[in-house]
Amino acid sequence: MSAGEDDRVREFSQFRKRMNERILAEDNQVVRRFFALDTQTYRAGALDTRTKELMGLTASMVLRCDDCIAYHVAQCKQAGVSREELFEAFSVSLVVGGSIVIPHLRRAVDFLDQLEAGQAEGAAEPPGHGH
Amino acid sequence: MSAGEDDRVREFSQFRKRMNERILAEDNQVVRRFFALDTQTYRAGALDTRTKELMGLTASMVLRCDDCIAYHVAQCKQAGVSREELFEAFSVSLVVGGSIVIPHLRRAVDFLDQLEAGQAEGAAEPPGHGH
Amino acid sequence: MSAGEDDRVREFSQFRKRMNERILAEDNQVVRRFFALDTQTYRAGALDTRTKELMGLTASMVLRCDDCIAYHVAQCKQAGVSREELFEAFSVSLVVGGSIVIPHLRRAVDFLDQLEAGQAEGAAEPPGHGH
Amino acid sequence: MSAGEDDRVREFSQFRKRMNERILAEDNQVVRRFFALDTQTYRAGALDTRTKELMGLTASMVLRCDDCIAYHVAQCKQAGVSREELFEAFSVSLVVGGSIVIPHLRRAVDFLDQLEAGQAEGAAEPPGHGH
Amino acid sequence: MSAGEDDRVREFSQFRKRMNERILAEDNQVVRRFFALDTQTYRAGALDTRTKELMGLTASMVLRCDDCIAYHVAQCKQAGVSREELFEAFSVSLVVGGSIVIPHLRRAVDFLDQLEAGQAEGAAEPPGHGH
Amino acid sequence: MSAGEDDRVREFSQFRKRMNERILAEDNQVVRRFFALDTQTYRAGALDTRTKELMGLTASMVLRCDDCIAYHVAQCKQAGVSREELFEAFSVSLVVGGSIVIPHLRRAVDFLDQLEAGQAEGAAEPPGHGH
């Protein structure tokens, strides 16, 4: 990973953190409750977090949301999902969602490569409001 | 399940079977290969079929495709996914996809209820081209 | 409105009510909280219910969800939105969402015609979980 | 084609015609202009109508709008597009849009089969506002 | 607002202006008429501009179009919509469209913060073809 | 075209090439087969490549995928599609997909302008996995 790429990942992460704080500081109960519900959704229940994160990743890919994909790829890695398993999740997303998923697949693999290259920092990132 | 509901499930199943045969009888290699690839996608690999079907279900729900949802609910049941686990998959889909998923959730639960009421026949249905 | 059309509106309304009860009877807190949040969203705040329902209608049209459109058309009528105003909401949805909105527009106008023809019953319908 | 299927095609066609008249009778200039623009879009220019209808069909398939697909399949047939060519348009839509297009493909092929079985009437249908 | 952020808003605004001119200079009547219709859509009628802009904003958020969101946020501000009211529009969009709206919400709030910090220039921007 | 714009086109092209290689180097047969099928889809058959590329372009525009749009605009140029014809494809996409297509139209026209300004290099680019 080049220094430039490293900066971009950090910049995105800081932007997400800063804006989440701005949004939750606003006096809007529906928005706050939605963020809390989003966090609750991926907690282990009948299904474990690993399976839920894989489902969140697939949903994000077919809906073509790069930030959501990056978030769930990172969460999957933390939950112990292997690169081979991630590619199987990518393959389901690709077949369900079609070739328009390809540009997002490229960015997902690029993000995954960066995570694997600098995993120490990634693992240290505090958990928080997703997407 | 009323006799009318039973008929509707059978009618849909027959329509899907009949049209898949019509489509695959056509001399179009891209379409045929896509159907074959679709079947291959859910075979056990690094991830088991159960997890892949749950991902297929979530993708179908956020993309709001009733026929795809019904297909994956049936496949999940065959792979041993419990009602409680299915509802957790529904909850991920609902939070990722928003309230526009609700009408599809209603139809998914209705279909699940019908499957559970008449499961013997459902289990006897031959596997085949999905969605 | 023909007797057949009247039946179809009633049938849809009963299906929605029955399935909402099935869904909320399930022990899944995320789904229940989402339904509660959905109801809370349209309560008057800085914006009145009328404006929020018009926004819900427009969002439903561009996302092409017939059940959601029918629900918000009915809610708009109850909040005092006129036919002329509804058509302006339709026009915004049509221009933002494009010609693929047209089939949903046809069904929305058909539903609106039915509501106006038999408004007494519509108004008597109990409020509840939306979409 | 069974009598029942024939009736369904006629019923859909009459509903479309009746609702288009209702919509255009309303005093909303934006909606009327949009309908006029929609008709103008497919007129021969630098590209012939045949190519434009194929593009309209592909766009309708990847956006998964059954009514729009049926309309453009009928228009393509009138413009002399062969079944083999239609299947190539279907194959592009399938690969771009993914397996969620499959249920719409099934209904498109069913509609095409019906058109080919009773083509005389189809050809006699007056041109009009699309989708 | 940092100088860098200020530059990015200006750069986007100039790109939009320059490309709109390129597009309208082209001899394509359908495209030109669509742009004119887009402008006409938000003019006050039975509903005021303020309500129409709020509907345009909600539609843009659930369809996840950042440029459209930025445009309608700016138009809402000009029409006198308060920050509290904008957050209620955001909350409707979030609940209807789900957690995949969150990244767009972050960028919308960031854009709103920038608008409020440098509002004098924003207000001076000439009206024009939207999205 | 400025030097900066030229760099951006080259950077995107290199990223696409590099990531496609990364993806195809992975041992995932479904993903590889999908990429092969994507390439096969646009080969001349009953319809010529030109028509298929125009359909791929329209599908990409209504699905609002900038990378896919850029790819198909370049392929259309190589297949001899004129600027006037491209604008007719844009007009179909705009009317089918609505005003949310406008930001993508702006970027498509910008990309087309850049291609026309530096066409020699564009034509020399090797064919490959699309989108």
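Going by the order they are written in, the chains are A, B, C, D, E and F; count residues from 1 in each one.
Note that in this section contacts are C-beta pairs under 8 Å (C-beta built on N, C-alpha and C of every residue); 3 or more make two chains touch, one makes a residue touch a chain.
None of these values were measured; they are calculated from a predicted model.
Undergrad: What's the overlap between the neighbours of chain D and those of chain F?
TA: Of all the chains present, those in contact with both chain D and chain F are A, B, C, E.
Undergrad: Considering A-E alongside C-F, which chain pair is linked by more C-beta pairs in contact?
TA: A-E
Undergrad: Roughly how far is chain C from chain E, centre to centre by C-alpha average, rounded to an integer in Å?
TA: Roughly 26 Å, centre to centre.
Undergrad: If you average the CA atoms of chain A and of chain D, how far apart do the two points sit, in angstrom?
TA: So the centroids are 39 Å from each other.
Undergrad: Roughly how far is chain E from chain F, going centre to centre by Cα mean, in whole Å?
TA: Taking the mean C-alpha position of each chain, the two centres sit 27 Å apart.
Undergrad: Please work out the Cα centroid separation of chain D and chain E, and write it as a whole number of Å.
TA: Computed from C-alpha means, the inter-chain centre distance equals 33 Å.
Undergrad: At which residue positions does chain A touch at least two other chains?
TA: 30, 34, 37-38, 41, 59-60, 62-63, 68, 84, 87-88, 91, 94-97, 99-100
Undergrad: Between the chains shown, work out who touches whom and classify the graph as line, ring, star, complete or other.
TA: If you draw each chain as a dot and join those that touch, every dot ends up joined to every other.
Undergrad: Along chain F, where are the residues that touch chain A in the complex?
TA: 15-16, 19-20, 22-23, 26-28, 30-31, 34-35, 38, 59-60, 63, 65-68, 129-131
Undergrad: Quick one: in the complex, what on chain D touches chain A?
TA: 62, 94-101
Undergrad: Using the touch rule from the top, collect the residues of chain E that touch chain C in their complex.
TA: Counting only chain E, the residues touching chain C are 37-38, 41-42, 45-47, 51-52, 54-56, 58-63, 68, 82, 84-85, 87-89, 91-93, 95-97.
Undergrad: Using the touch rule from the top, collect the residues of chain A that touch chain C in their complex.
TA: 29-30, 33-34, 37, 40-41
Undergrad: What part of chain B is in contact with chain C in the complex they form?
TA: Chain B reaches chain C through residues 64, 83-84, 87-88, 90-91, 94-95, 99-100, 102-103, 105-107, 109-110, 113.
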